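Each of the next two complexes has subunit A plus one other chain: subunit B in the first, subunit C in the second.
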Partner chain A sequence: MTRFTLTSGKVIVKPFNKIWIVLFVILIIVVVLGQYIYFPEYLTLAEIWPFLKKMFSPRNDIFGHRTWGDYFNYIFTIIPYYLLKTIKMSIGGTVIGSAIALPFSVLAAKNVFKNKWITSPFRFIMNIIRTIPAAVMVIVAVFIVGTGNLAGIIGFSLFSFGIMAKMLYEVIETSDMNSFEALESTGANKTQAFRYALLPQIFPIFISYLIYVFEINIRASALLAFVGVESIGSIIQVGLDGGDFDYIGGVVIVLTFVIIIIQLFSNWIRGKLQ
Partner chain B sequence: MIRFVDVKKTYLNGVQALKGINLEIHDGEFVAIIGLSGAGKSTLLRSINKMIDITEGELYIDDVEISSIKGKELRMLRRSIGMIFQSFNLVRRMSVFNNVISGRVAYHSTFKTLIGRFPAQEKILALESLEAMGILDKAFARADQLSGGQQQRVALARALTQQPKLILADEPVASLDPITTIQVMDDFAKINKEFGITIIANMHHVDLALKYANRIIGVKDGLVVFDGKSTDITEDILVNIYGRTLKHDEVLGE
Partner chain C sequence: MTNVQQTYLKIPKRWKINLIFSIAMLVALIYSFAGSEINILRLSSVFYSFKYMILAYTKINWDLVLGMGIYPFSDGVVYMALETLAMAFFGTLLGGILAIPLGFLSSETVGGKTGSRIGSAVLVLIRVFPEIILAVVLLKGFGINSMTCVMAIGIHSVGMLGKLFAEAIDNMDKLPLEALDAVGANRWQKIRFGILPQIAADFSSVTLYRLDINVRSASVLGIVAAGGFGAMLSYASAPENQSVLAALMVVIVPMILIMDAISGYLRGKLI
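This part shows the complex of A and B:
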């Protein structure tokens, strides 16, 4: 609490912001709990180096003799095949999930709907869906539709929906509502006012989130393999099972390039939309 | 014609903004509402297109009582009334043309407007509104590239595109510099005369109100304390409306 005494004799008290107490308590809890977290002591840099070498050079031991030619062949032919499957599922999931997230995020935005009875249920649904880990969603999808691409698309759709809906309603809540008011004053209904006043404002951010979610999906797709859906994760799985760490290294290299390309594309399109 | 019958408005926080307004505003009038800030000018204006709902009394527009209408009827009412705001309320990152054509969305079904296509004659109407406001050459510029005065003209063009019978203006020139203020007020006068559209404007600058409006309504503390021709206004009447002599920022002083 801070007190200010003005020359007129008035005393003004600036109220203490309780958030700092809360944050301090959380900090203490984290520090205390941190004492009990176990860090393996053997993992040193000296141990990591040989492992990196195994990943980024062709395997050469009694279980496998490969050349650099094999290594690059792997990167340029086999990995792209699985990558393409992964990208297809990611695009499908991102587009479907985000398209459903858009109307949901409007219904959850408190500046568009002043009534809590409208926004709260939608926020609740969104929170529930976001809480479910992507892995669980995919497993459920596999149970329902089998291990085809569809399972991946359904899993990614739900996963994308969770992220997108939350990020979007927060953007909508920070947009300029003056133009929305103007549209309502012309007789437009809420959907029309959103379409003409808010959508143009959030559109560039929407696109940039779309690409970001797509990127997350590509990376998350590794786990699809572990529930039986063919994806880039299949290679990681095979690599782990057989000790073929050069396969995994290849995936890391390819994914790095893919993510960089997506980033460049994202920057470019955002520049165009400004 | 607009008719207020003992209209009262009490906000949820207990503030009584309107304490029994009785008024009649006829078609084709140019009315300026003057008074201190907080006197209820904005509430009075916004109750006409139901951007604010009144709590008591009756409000008739063309003999239709509007305090109970809602849904489609309400949107049809709003469609026939243009509104101009102090801060222009354009979508800043959208083109001028798209801002102006958005005055037409209420004429179409939601589904049609979602796609964003408008009939050719409505596009021409939008361009003609811009032409009437003298900013046709800016039609495809982004709204935020325009000066304040130009943005307010875009807002006027949007209102014209609605083909309204009435335009409400809430402090339309309060955030403009003196020169553009005159230009925008001239545009209002033009709309009033050439298009025969009724104009009701809240005015901060009293001398502007007297110069442009034919009729002045003085509001004080939620009540109408003066209603008459702008030529009838005297120093004493202004002192009565404002409770004091005018401050220098309340006159534009050309």
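This part shows the complex of A and C:
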């Protein structure tokens, strides 16, 4: 930024020219994408379309010959088995994690506990837990309890706890505290005041967050197969290794439907609660 | 009856809904544990594993973390963290740039009724498609390297960013647009001088928020494609490689904490 001092003593600051930001962004893009000008053999965009075709039609080569009947049979019999495992893990993780998050979020809310020494440690713990991605959390759980559904549930509980606690204490901090103070002035303790003044306020938001966290868990669970827990991602993993791309396509169709159904359900419930 | 009693009798009876909700949650919980093979043998080994895990964190291989000694720097965890940050940054940049036209299209102010419908449909489709499958598809186009992750993150970000951009455009003050109409500005001039100055701060704040999310997904997306912590994470997922996971955690947690702090600070400055 350049400064001009006029003869009258007035200082004028020339505003920062935003064109430099744009040029910087363009430079980054050119540098990153420019590698493909020199090494065009790394860019095989033309292979994406045949791959998509293979994904959404039955396999037909020397290693496997399937009909559309086999394809739909697979979608309706094998995939639901893995989908059920995924949903079980997500439900268990979401419910346990959110149930634990509810009391902890109150302990971290600054307007319920005015003392900084109570809220800060809880916030710190939550922030640490929140940073760890779901897949990493499941790796830790696999180490502690071994592979299987239980590891998924524990990993997802910790992961859901992190998201839920953070979102909930922000909701509690923005909620109306008048009724809480009124109850406290009549001699109710903090638990009773929370039960009758704050919980009715945050409950609808809690439910809609519950569904949101559930959806995140469903999405994240596709990755679990790659860290050793059987889930819907197992089909993707096996399909990639064995060239059964049509099975991956089946997973895409099923997962897309499930997520759409969850979102419609979440919209419906949000409409009901308000 | 006194006034207080009357009011007390009028309180809404929610116990039925609460009961149904609690029972549903309980049933779901019990069902989710079915088939998870909990037995005494497994539970008895939990404490042993826990002890071993804590032990792994007490003696972290700092040579591996920093890429010194026998490990080249490009194998160190810190280098992977830098790669992850670069992937997330470039992915977000790409997503942000792609989201601008789609956001404008799907806002009613610019795109009109039909445009907004088409735009929103495209955005919903992008949002619904799971990131990991996007990475699997793009693997064929970009090969096993970090560019696949960048593209997957970029395309996936467009869904949320476009929606939030469109909301920002629809919620802004429309009077400058009328003023620009009155002086005879065309559509592009209206976008440049009427809309962009108003929503630039909103756009940046939303994009920074997305950067937070993308750093998280970039650190695990490498398991499917490559780049970042991916290869190391799938190696560490074997129980005997707990020490490697400890080395990864020591870098991942501070990295995301610092990124959160930076983006939170910048967002606070913007608004």
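As a working rule, the second predicted complex is superposed on the first by the 227 of 274 C-alpha atoms of A that agree within 3 Å, B and C clash if a C-alpha of one lies under 4 Å from a C-alpha of the other, contacts with A are read in each partner's own complex, and residues count from 1 in each chain.
The rule is simple: a contact is a pair of C-beta atoms (placed from the backbone, for glycine too) under 8 Å apart; a residue touches a chain by one contact, two chains touch by 3 or more.
Predicted model, so just to flag it, every value in this text is computed and none were measured.
Novice: Quick check on the subunit A-based superposition: subunit B and subunit C, clash or fit?
Specialist: The answer is clash.
Novice: Which holds for A:183: it touches subunit B only (first), subunit C only (second), both, or neither?
Specialist: first
Novice: On the A-aligned overlay, A:196 touches which partner chain: subunit B = first, subunit C = second, or both, or neither?
Specialist: The answer is first: A:196 touches subunit B but not subunit C.
Novice: Which touches a greater number of subunit A residues, subunit B or subunit C?
Specialist: Result: the larger residue contact count on subunit A belongs to C.
Novice: For A:223, using the defined touch cut-off, is the partner it touches subunit B, subunit C, both, or neither? Pick first, second, both or neither.
Specialist: Touch status of A:223: second partner only.
Novice: Classify the contacts of A:11 with the two partner chains as first (subunit B alone), second (subunit C alone), both, or neither.
Specialist: After superposing on A, A:11 lies clear of both subunit B and subunit C.
Novice: Please work out whether A:240 is in contact with subunit B alone, subunit C alone, both, or neither, and reply first, second, both or neither.
Specialist: second
Novice: After superposing on chain A, which stretch of subunit B overlaps subunit C: 3-11, 57-65, 75-83 or 129-137?
Specialist: It is 129-137.
Novice: What residues on subunit C touch subunit A, complex-wise?
Specialist: Answer in residue numbers: 25, 28-29, 31-38, 42, 45-46, 49-50, 53, 90, 93-94, 97, 128-133, 136-138, 140-143, 145, 147, 150, 216-217, 219-220, 223-224, 233-234, 236-239, 242, 245, 248-249, 252-253, 256-257, 260.
Novice: Give every residue of subunit B touching subunit A within the complex, in rising order.
Specialist: Going through subunit B, the ones touching subunit A are 49, 51, 74-83, 85, 87-94, 98, 102-103, 105-106, 110, 113-114, 116, 155, 158-159, 162.
Novice: Can you check the complex and tell me which residues of subunit A touch subunit B?
Specialist: Those residues of subunit A that touch subunit B are 176, 178-179, 181-189, 191-192, 195-197, 200-201.
Novice: Provide the residue numbers of subunit A that touch subunit C in the complex, in ascending order.
Specialist: Subunit A reaches subunit C through residues 25, 28-29, 32, 42-45, 47-48, 51-52, 55, 88-89, 91-92, 95-96, 127-128, 131-136, 139-140, 142-146, 148-150, 153, 219, 222-223, 226-228, 233, 236, 240, 248, 251-252, 255-256, 259-260, 263.
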